[in-house]
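Dropping a structure here in structure tokens format, bear with me for questions.
Going in written order, the chains are labelled A, B, C, D and E, and every chain counts its residues from 1.
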Amino acid sequence: MIVQEVVPGRGRTGNARFLEEVSAATAGVSRLEMCIQCGCCGGSCPSAAEMDHTPRRLFALIRAGMRDEVLASNTPWMCVSCYHCVVRCPQGVHVVDVMYTLKSMAAHQRAYRDATAPDFSRTFVRNVEAYGRSFELGLTALHYLKHFRLRLPGMAPMGIGMMTRGRLGLRPRRIEGSDQLAAILRRAKGLEDGS
Amino acid sequence: MSGEQVASEPFEPVVIGFTCNWCSYRAADLAGTARIKYAPNVRLIRLMCSGRLDPTFILDALARGADGVLISGCHPGECHYVDQNLNTLRRFRMLERILPALGIEPQRVQLVWASAAEGTQLAHEIDRMVEEVRGLGPLDWPARMAAAGGRTGPGVSPVGWPAGSRGEPEPGAIKGATEPPGVHA
Amino acid sequence: MSGEARPTFAMYGAGSCGGCDIAVLNVHEKILEIGAAFEVVLWPVVMDAKYRDLEARPDSSIDLTLFSGGIRTDENADLARLLRRKTKLLVAFGSCAGEGCIPGLANLTPPAEILDTVYETVSTENPDHLRPGTQPNPGGPGQLAGFAAVLRTLDQVVDVDYFVPGCPPESPRIAEVLDLALAALRGGEDLPPRGAVLGAGESTVCDECARTRNVKQIAGFRRIQEIDHLDPTLCLLEQGIPCNGAATASGCGALCPTAGAQCVGCYGPVAGAIDGGARLMSAFASVAQARTAEEMDRILDGLVDPIGQFYRFGLAKSLLRASRSAWAAAGGEWGRR
Amino acid sequence: MSHYLYYPGCSMESSAAAYRESLETVLGPLGIRLEEIDDWNCCGATEYVGISLLPAYALIARNLALAARQADGTRTLVAACSACYLNLAKADHYLQESRTLAANVNSALGAGGLAYRAGSVTVRHLLEVIITDVGLDAVRAAVSRPLSGLRVAPYLGCMVPRPDPDHRWTDHERPRELDLLLAALGAEVVDYPLKTECCGGHMTQISPAIGFELIRRLIAEATRLGADLMVTVCPMCQMNVDAFQGETNRHFGTHYRMPILFYTQLMGLAFGREAREVGIGRELVDARPALARIGLPVPSTAAEETPETKAARIEAAHRRRQALPMPPMPGDAREEGPR
Amino acid sequence: MSAGNGRPAGAAAAGVANEAGRPRIGVYVCHCGTNIAGTVDVAEVRRWAEERLADRGVVVARDYKFMCSSLGQELIEKDVAELGLDRVVVAACSPHMHEATFRGACARAGLNPYLCELVSIREQDSWVHTDGVAATAKARAILSGGVERVRHHEPLEPLRVHINPATLVVGGGIAGIQTALEIADAGFPVYLVEREPSIGGHMAQFDKTFPTLDCSACILTPRMYSAGSHPNVRLLTWSEVINVEGFVGSFKVTVLRKARYIDTDLCTGCGICQEKCPRKILDVVYEAGLGYRKGVYTPFPQAVPKYPVIDRANCTFFDNGKCKACEKFCPTGAIDFEQQDEIVTLEVGNIVLATGYELFDPRRIAQYGYGRLANVFTSLEFERLSNAAGPTQGRVVLRDGVTEPRTVGIIHCVGSRDRNFNNYCSAICCMQSLKFAHLVKEHTGATVYEFYIDMRTAAKAYDEFYQRVLEEGTIFVRGKVAEVTEVARTPEEEGKLVLQVEDTLIGRQRRIPVDMVILSCGLEPRHDTKKVAQLFGISCSADGWLIEKHPKLDPVATMEEGVFIAGCVSGPKDIPTSVAQGAAAAARVLGHIQQGELALEPIKAAVDPDVCSGCRICNGLCPFNAITFREDRMVSEVNPALCQGCGTCVAACPAGAMSGTCFSDEQILAQVEGLLLANLQGTAGREAVSA
């Protein structure tokens, strides 16, 4: 990899406050600053092989203030939320929640390199916002249509199997309080953007 | 400073803390050594054991202007004097029974156990209590007493019976007045 | 003191029940000595008197005043100040003047609430809605005395020379005090230090109580009427009866415990005590057989009226003196009274 | 009858229909009454919070607020789906931990006329409720058709035992709850080392190659250990292992056929229900051949000893004698423990 | 004229007895360099005291850079002499730090040392607050509290207690042995109490010691022998302390001597009983669960004392009344099944606790598979495996007892530096792991991987040992191992244990198959340390180790006078440090013994018999039985020799007959008044915070 000298507060990527920013945007207490770079997270991760940085290295990049490189990383998007790293971390870093934070920062700034995962999340969110419930058929169909068109024929038997076994609703279910939910989410978004 | 003047400034509660020599005072020392920050509103008094704590001290602190009183000792079972801190617990529970009648919220008098190793915990509890008391507002007992026209200040016994003959006996003081006849041989 | 003239004597009851006056009258033949030894200048229970006569007297012209009753009204306070001015030896006589006594328990309640209860509830006929501070005869003279936010003890209003505790003080003690005063006024004896408590012992009721005592342990509290069989010789506290004797000044001869009733504490705490209620609480709690908060709570549940138990006589003289809601009134309308 | 508030979650209505159906059959025998939260909404799974944090927590909190409002007699909210359980529990936990988050979430809820005070409801998972509140003795008492002879691989997935914000599970890595339950049903429980490994989660959707690899590991190990089927508590795990097994086989050129059922389906069967009633047949990898073992006489495996097997037995005994002792493990002595 | 009431009220100088009727107080505010002055405006506090506390008796107030320096102390001495001070208040650090220092200064100036009060504006103010204004205000309040309090101090004399020259040492590991020998060699009697049948401790289980690789038994055995045969040492093995009474100088210690069922007068330690005993029991203590012992046993051949014990819980005779093989074969008839447990009372002047540590139980880390995966070993198991006297006679083999490993993975920091288990570094694991790597190589020639987070080799010759192990070809991987699994993903992994780890120096996840895993487990406080602490009246840290009196300056003393600690009981330590601490504790004990008597704080309760009503409320309160009831006079009395000064009885006395020195009602209430600034006329307590 390219070694880049980082001067805090100066240069394109160097930003000494990035760690604080990530930590503050995380639900609960992230303990990100407590990382001792032991690699227990990277060792535990089931999808580490597919990540461009292990979580540990991503945290080192955050500490170095390399915002662009961090937000462009696929690491958060490869996280499967298995929480192995969280319960094993000797420093109690909330690794998964930090990954969520990085995803939302990257999604917000469209800083990611591969849109597959962000798009999946967005489609999911749109469904939930519209109906109040998730809609598996719509989600999967739309997503595969967009990102794995070639896989679709192979997936067909499964889809048909699920449908014939009554495991795939053809229409989304809408909650009664969808207006109420919309109002809540609107206010929440407003608060988040305002802060 | 009168109550009215205080109202114009942000209210900073004063909490008197009674600590024991072996656990909680040492926890405070430890918090200091470890530079753990907490609210400056608490002022600690060291007793040898929290079992030394007489409810009088707590009522006195409140009557003299404290907004809250923190009591802290070794955890039950870890008392330096075997189990004298159980007396602290009992007296505290007893005192809690009369505070409501006097209109004093339970958050103003709190019992917190802290071992000598629990500097962080004690600091945390102090912060929590100070915030709770801040939320309740000033207790301001001396100002209230003054407003009622009671005499306070030098020369007046604000509370309690005078010491009478228990003080330094004066020459020629009449003993008969204070000693019921026929009791002491 | 002027030559051969008899010493002058006054007794006045402010917020009192009159029991103290009765107690003085109840000193048997001693009352004759009093009558003979003193010149009574004011004693409303015994003889008619006018305030204006009192006001007309020279200052410090009364040698001894026994002042009973707490200070609750304007009138109480005015008389306290007046008598202070006129008196050489002002004695706070009885529990009310000294520590507030039962009327002092009203300090737990805001004054408006007290007056509502007294003047407006269904058992009261008060068509003109008279209250303290109002004029009973519109257009006419006089008005009802104003009612203070809290009851104060005599020494919270004026300097007091001596205290004689008890509700009421016991006759033998009264006699001793009067003898002492007389002797001193005649120049035969030195007086105890100013501010001293007279007519009480320096120890507590237990000192005078004949009941047997063991290492104290309390497993629970019970009311005396709930007990079928009371051991007539064993310490009441050890039987779970919340007897206040251990913290109450001696002097009464342990009358109540001897008669099988718990000491309620009318002689107040021993000299030097700061808050008698706190002392009692500390002592009771220390011997409660509880190792956890829950066990302690279970024991305390047996104490039906904790504040009444510990502050029945001494609330107005205690560290906090009154409840916060009562004090709150002192800052406003009631504060000006 | 123990009474709980109940949050089913979206998948119970579609892909995990078998979970819903079977769950309904076991509540009665266990003495559990579940009261569904009126008009609950999606918990946001693992997706919403990756897009924006505050709306995601507001979304979850609406359910908590509804539950708190409906709380009458019980304040325990039971979830059956792993992600829903975790989201609800974690949200309540963080709302208690962070005043700012709680204030903002409540401000958002206010827009919908709702409010939620952190800690007002207690979030628990159905399996843990069955183990703790109902108890294994009651489960055993309800069994009328023991699952004798059925070799099952217990599989919990991730989000039930981890991160476990309220410390309700015996271990983060190898919790024993599901093993104990299945043993109580009479099944032969395989000590399945991957019982809390990842099923791939949403990877089947966003990076299928990773997802298929994770599925392959699970079914390969279950197959190697001779399990007849896998048993799970999680709709997502069931979906991945079951529905994507065909695609996984195609991807690797393998031929695994490892059925996976919900624990409630096996409970229903053990309690005497018919296969159809507990949603058997909804799975894509047919579980019926495996289930044929239940109720049928189990063929004796004790074959006659040949000279070869005798030699092997003696050799094994010899090896045992030389072997150093193993440290005892907690629960070793317990009869219901995993084998 | 009396003060008018029982408490200090306003300007009334109750309790202050001096000729002029008014105290003369000197106030000294310490900067402590910038420790205090960096946050608190020290000069302002001094000025304030000078002005506002003048009518409370303050006649001089000074601030100085370091009050504890000799120049600072001279300031006090000079003022006492020249200004006629009769009270001194120093606002500086915690009284636990320098109370003795400033009392000393007063004493040198001829002022009774108990007329000095030290209030803490460092630990309780400047160090814990950041807002200088608030901290300064608080310092004023604290100082004011001290001034009010000191007005009620009385001149006192310290209590002198005689020091019994005998010493109790609890724990017969290397630290305890060292302590016992040092004291015994100085000519004073020592009781050495050990729970196990033999002294020796953990060191007796090891094969080699790092970094020198001396044979552990070779260096330990002579010490054990000396302790066992020293005329001044009385060994009490197979024994436990069950009660402690008294205080420094005259502790009364009750020891339970469990029945050995061996008559030690007759036993020659020949070992025939062990040979003949039919009962074989897994030895989880000495053999770490890897080997067996008999129902009658000495834990190891060099045991001191040499006499075996019969393990009653694992004896066929005690089970069913049959067997007695040991008795049958004993050539000297030393077996005695009739023996009973014995209670022994020891009188000692000082106590040293050296009860050591326990190994972290790695079963708590499920992902490392210990207890489930046969070839995962603990460090202690490996010690036994590599020990020539161990269950495999020193052959390093897998759990099958036969196969030598060809690859071995050693995991550092197991249970240490991990907030899920223990936060602290166990200090010895890096070196122990390096030793294991060397021993594995030496015994088997296997490939060795060490998985570490940080290498900590900071002691004499330690890093050189690291160099040596590097040279030997051990492979170091920097990363905390995530899990150990038997589930293979590739053919190479089949039948192996796979360590899954991020190699943090290349930033990749790696899976490394090995035959054997050694867990370098951390050290933990013994499970009953808390009980021991309570027994001896001292306290445990949050981690569970015993707390030193001062972590840096007084590491072998405790808060309890006369109770000392040595070795791992206060935290993980290597052998050299444990030995040094053992010697240090001995030096402290010998210091006490040499003095013959010790001065103690005169904090005691006393009863005024005129006021005592004999209500007997206090009688059951004293845990030290210092209060007795005199039936003849119907009053309670305090025995000052037994009173420990807690003050509980003072607070409980309903008659106010009980009083306590140093912490009287007057002193405490005066301090409350001062802290609330209620002593200043026309001010309310709130001023100090909002000013």
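Following the convention adopted for this analysis, a contact is a pair of C-beta atoms (placed from the backbone, for glycine too) under 8 Å apart; a residue touches a chain by one contact, two chains touch by 3 or more.
For clarity, every value in this text was computed on a predicted model and none was experimentally measured.
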Chains touching both chain D and chain E, listed by label: A
Chain A and chain E, separation of their C-alpha mean positions in angstrom: 48
Chain centre separation in whole Å, for chain D relative to chain B (CA means): 54
CA centroid of chain A to CA centroid of chain C, Å: 75
Rounded Å distance, chain A centre to chain D centre (Cα mean): 24
Touching two or more other chains - residue numbers and ranges from chain E: 1-2, 4-7, 367, 483, 610-611, 621, 648, 651-652, 665, 669
For chain D, residues contacting two or more additional chains: 172-173
Sequence positions of chain B contacting 2 or more other chains: 54, 56, 60, 83, 87, 91, 155-164, 166-167, 170
Interchain pairs in contact, sorted by label: A-D, A-E, B-C, B-E, C-E, D-E
Touch list for chain B against partner chain C, complex: 3, 54-56, 58-60, 62-63, 76, 83, 86-87, 89-91, 93-95, 97-98, 101-104, 139, 141, 144-145, 147-151, 155-167, 170-174, 176-181, 183
In the complex with chain A, residue positions of chain E that touch it: 367, 413, 417-420, 453, 478-483, 500-504, 507-509
Touching residues on chain A, where the partner in the complex is chain D: 25-29, 46-47, 49-50, 76-78, 80-84, 86-88, 96, 99-101, 103-104, 107-108, 116-118, 120-122, 124-125, 128, 132-134, 136-137, 140, 143-144, 147-148, 151, 154-155, 157-158, 161-162, 165-169, 173, 175-177, 180-181, 183-189, 191-192, 195
Of all residues in chain D, those that touch chain A in their complex: 10-11, 13-18, 39-42, 44-55, 57-59, 62, 93-94, 97-98, 101, 104-105, 107-114, 158-159, 162-164, 172-173, 197-198, 200-203, 205-210, 214, 243-244, 246-247, 250, 281-284
List of chain A residues in touch with chain E within their complex: 1, 36-45, 48-49, 53-54, 56-57, 84, 87-88, 90-92
